[in-house]
């Protein structure tokens, strides 16, 4: 029954991605992101159990530390300090983006179908879902007009990738996992620095301000 | 180079030098008659030349050596031209020196020198004359060349003696191409020899004059040489016309008697030609200078047409 | 292994340098220290190169690192340009500091990040693990992001932000590609961790699952292609080049793009091995052509000198990608040669352009005039460099363009009119502006410190040599590398 | 590589006795480069550069000329320099075609270098030493270009030549118009070069072997061969200044210092002709007849265009530049005829036409460089390029004037000088065209003959205008009265070239012997044998009965008659001569401003050929206080081709710029769409 559990978690991830795509408020967005992180951790643990690969527990631990604890707190800190709690107006209205999202999911499944048929892993189907998550968060990044949500989109894209790594391939080798984790960590820190710099430069985090460099 | 050839060559040169003024005298006389004027004597040109030679030369202070060389060059070029056009005999030692194309080049050389000389003094009329002369030249030259070319296409040669020989020996076949060429040639030679309707040798009317404007600054022997050269040019053109269109009675190689016979024939042909020229001059009116290009362009096109006709009909 | 491990100094020097300069990078002597570390790296790299040339491909630390002809010459090139750029940045940044654009902490950041950046690139080049390759590429991005925004101006912040987001997203795609690669390899090699090692992948590439591999290559191509700066995912490049400090523009253009392209090449090798149809080649040809043409037209409207040359980098990267896409020994050889000369010439152009804009006090080209009169060296450096990058002989760029175009004429005739058009437009735009900047009457003033022109002319000299005479061992490398890439 | 070096230089290094002619030529090239480097050493030592380095360069030219004259009659020599691409060292080959053009470089190089020794003045833009370097690199690259026997060496030298000449053109780069001229020049040169490069890409036929030997061995499919030919015409035409690729020429030639304009016009344009011959006759085989018509049509168009524009110019050097376009056009006509004849298997006639072209190459090189150098003297003496402000210089600068007169006569195609021989041979070639089997062609070509005749006559017009307005008449400005004549070195250069013009005109037969050595390998036929058979005095390509021309006899007779007339007049009458004010129909007031101006002289041409020009006239109204007449003449090509192209590029660029519009979300969208597209493509492909 554990493989079903993985699939369930996968579905949950996808659901959360949709939710994020449709979500307006930054705070809720962060919360959803945290949930996604938790789902990812659970999935990792389950896979670790199924295929008893000890290093996956480590990776689950790292994910927990980064995606569930550290990053959300940092983000909360940020939006408190920069008080950007207000609503996010999206460039495309919600229903349209939902529709596009559905199309994307179908496309992703369609792409992954041949692969999942021939992969031997416990949950080959999850690859399609992971791909769908990636594409959805890509969508989200495109449609958001503020810095913070864009970053969250970026991070949830990484969630999708991690999920692909764990579910489809039982996780990358440990070195790589660590390296990736390190990069994510540094990235987050740099992001934080940036946010403040941008803030003090333009006294807002609205990306509309970041459109001066162009070919006219 | 055989003796008869040499004799013929010398005879021809001599003939040209002697009879060229006579020809222009003859043309003037005919014209006078046709216009009911009392004609000057036939020998008038000779007296004129003698008078001019005897006079002192007066040239502008700042005239350069070019100005003084030009008359000799023109005179020499025209004499050579007369020397290489086969009128008496087709066996001329000088003929190989220049074929039809080189002949045109020879005329061009003379024209360029006289125009440069005219610009040398730097008077208003001189430069004006030079411009007009070159204007006439750059249209007349290709026309003349094309005329000669269509003859060459018929005879497969650009060397004048063989052109004359070939044309002379054909039985009286009509060459339509030569008809076109003939008209073109007539127009060209009118222009080149400063005749009505293009120019009027008899006036110094500054608005229209071309040739006279060129030699306005010349005097004394220089002027004499230029006048002589002008008559030589007329002579040469007439000879070319005769050689192309009436090439009969020209002596073969190595036939002394034929040469003796050829002289009166040539004179007769020239007399008729001169009369015809006088007639043309009388019946046609002088045209505006701006019309001249059209006139010559027509000649050029006619010549080209002649060539095409030849290629089209193969005749 | 018996012989001493030269990789230690190659990677150690920049790492140590990053640490040390992180502490003392704000001192005035720090620039010299920076140069010293880069020199150390260069010497070590030279020794390593010699070793490889002598001993052939080698593993280090078990199978973690692997050096073969393909990456060893890139290592040497990276070390060289890293060194010359350090030489250049000393007077340049000093002037910037005198003009108050840099402060002590920023200098510290600059120096240590510069070394770190070199470190990450060297790791990316030398590692045998495609996962680590990805990690190092990401790290290189992170290291340069702060350098791009080091002036803290609105424009530089914006540029850095775009650089960060776009490259981050791009590189994320590359990670997905890597995962797919792993998935494919896992099924052949089986668990045990060896499935991400390039050498293993290379040995089994014939048996990798085509479906997964094609998908993987698409993601890798897009991901690393973003960092190569291929149109239409190039958008970060001109901003980052134009707004960062000039030494950074030089290394971005001269080195980072090469490293990213190296990653693409490695993936191409696997894809070509696995797929029995020309997906990789065709995609690269497509991207290449599009980049060349688009970049040429972008060029023609630029007013900022560094921005213009950034687009020229896109154009040349496109040309190289096109050449690799063509495949075959000649084109691949030409591609490798072009990588080398482009990074040499382009960085030297950035050096000259940097000093030029310092002299004029602006990067706007219409305000830079008559360089040849005030400082002939900078002026002629800029002029000769531009002529070289525009593919005029006897410089090496011409040699490679000669080979690429003549090959393309028979392989891909329909593409040559496009290339002709693009090269003509690029020539017209760049040369027209450079001529105005170098010749004519002058508006520029002298500099407080003598400009560093040794790097400029050293690079141009090398490029000149490569155009007239390619040393046999270098030639040997290129051929071996071309053979590896599957030319 | 070392043994390559040995094989290349072994004879040269070890035993001077056995040096090949090719080695000696390479030594000359090396000497030129060395002189150039010395120029850098003595960057601002003006006297040294002028009095020592340039004369040395002239010596090099002399050596090159001697070697080349020998090489024309010698079997080909090959060498390989250990530079270039790894698998493709520089291949050099000295065959008779190369040697012929080397001779052209040499003979012009001597005159121009000698002249340059006296020409360059202080404080003209670039420092003299740098000019010296660029100048000698220019010479060396042209020499190497002609020697090159593989595509890479050829292209390298080709572009080096363009680059060196560009820097020479912008020597005085402080004037914006000179900068723009140089820009236009290098741009077109580069585009042309890319075309040539693609042409070689076709010729190497996927073998990856770029030597000419290999290209010769390939037999291309007709389509590819045509592509190669057209690319070659495009590339070499751009350099030669064939309409409509000529626009750079009238800009760049006037901009350059006169010795440079001379070299560019006299020699550099010929290298393009060389390249065209090399590709069309040597590397490609059995050219179809329509290639000939293409060259022929281009040639006629360029010749007419060039001569018309040169007749209406008011700037000395522009006038000469357009006349160069005309002469290049005539060359193309000759080459086109040769291709036509060869395509129909009439090899002797092909040889005749090609010989005409080759002879014209030499004579044009001589008289055009002479004329450009002369304008250089005038420019320095008066600081004036505008014909409207010159005049009467024959009195102040006799050396220049009389040498120029020879050049002008040659350029006007008048017997017995060089220009005429070539035209004569060309027209002879035309005369045979009725033999062409194709009815359409043998109708068409004679019309071409008429056009050539027209061109020749118009050239005479332009040249009379040029010489007359500059040197004759009265000075149009007061300061012209104290113009200085050429300096000794300049005189040497002028005399050398003038002597060349006369020599080519009077003794064409040796030249034809040389041309024969070129046409034999290219066509397998030549006209020297028949010419030789007809005796040394007569120039008769077929038979004396068919056509003959003897410059010596011609000149001899004319001179004899002149002398006779002179003496006769002196003896029979007198030699008295008085000087007085000009009469001029007795008009009292004579001012220089009453002379005809250059504009006035061009007026008939403007009137007759109005549609050819793009004219803007501003006529004075009767009520003007000080009436002005103004006319500016441009050619249509700018407005028909170049402006639209530039506009199109501009528009496309604007469209592209919209892509880079600054919005990060949009950039992400691009990347996203690219990803989707690639995925779809991959899926669809499977």
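Per-chain residue numbering starts at 1, and chain names A, B, C and D are given in the order in which the chains are listed.
Everything below uses one rule, namely that contacts are C-beta pairs under 8 Å (C-beta built on N, C-alpha and C of every residue); 3 or more make two chains touch, one makes a residue touch a chain.
Because the structure is a prediction, the values reported are computed rather than measured.
When C-beta pairs in contact are tallied for each pair of chains, B-D comes out on top. Distance between subunit A and subunit C, defined via averaged C-alpha coordinates, is recorded as 31 Å.
With each centre defined as the average position of its C-alpha atoms, the distance from subunit B to subunit C rounds to 79 Å.
Chain centres here are Cα means. That of subunit A falls 101 Å from that of subunit B.
Put simply, the C-alpha centre of subunit C and that of subunit D have 44 angstrom between them.
Shared interface positions of subunit D, i.e. residues touching 2 or more other chains, are given as 656-657, 659-660, 664, 668, 675, 679.
For subunit A, the set of residues that touch two or more other chains comprises 111, 138, 141, 150, 210-213, 215. By the definition of touch given earlier, these chain pairs are in contact: A-C, A-D, B-D, C-D. For subunit A in complex with subunit D, the touching residues are 91, 107, 110-111, 135, 138-139, 141-145, 150, 207, 210-216. For subunit D in complex with subunit B, the touching residues are 391-392, 394-395, 405, 409, 412-415, 420, 423-424, 427-428, 430-431, 434, 442-443, 446-447, 449-450, 453-454, 456-458, 460-461, 463-465, 467-469, 472-474, 538, 540, 544-550, 553-554, 557-562, 565-566, 569, 572-573, 576-585, 587, 590, 592, 594-596, 600-601, 603-604, 607-608. Residues of subunit B that touch subunit D in their complex: 53-54, 56-64, 66, 72-73, 75-77, 79-80, 83, 94, 96-99, 101-102, 105-106, 108-109, 111-112, 115-116, 119-128, 130-131, 134-135, 137-139, 141-142, 145-146, 149, 152-153, 156-159, 161-162, 204, 206, 216-217, 220-221, 225, 290, 293, 297, 300, 303-304, 307-308, 311-312. Residues 161-162, 165-166, 169-170, 173, 211, 214-215, 218-219, 221-222, 226, 232-233, 235-236, 238, 277, 279, 283, 294, 297-298, 300-301, 329-330, 372, 387, 390, 392-394, 398-399, 402-403, 405-411, 413, 416, 420, 423-425, 427-428, 431-432, 435-436, 439-441, 467-470, 472, 475 of subunit C are the ones touching subunit D in the complex.
In the complex of the two chains, the subunit A residues touching subunit C come out as 111, 114-115, 118-120, 127, 131, 134, 138, 141, 147, 150, 154, 157-158, 161, 164-165, 168-170, 172-173, 175-176, 179-180, 182-183, 186-187, 190-191, 193-194, 197-198, 201-202, 209-213, 215.
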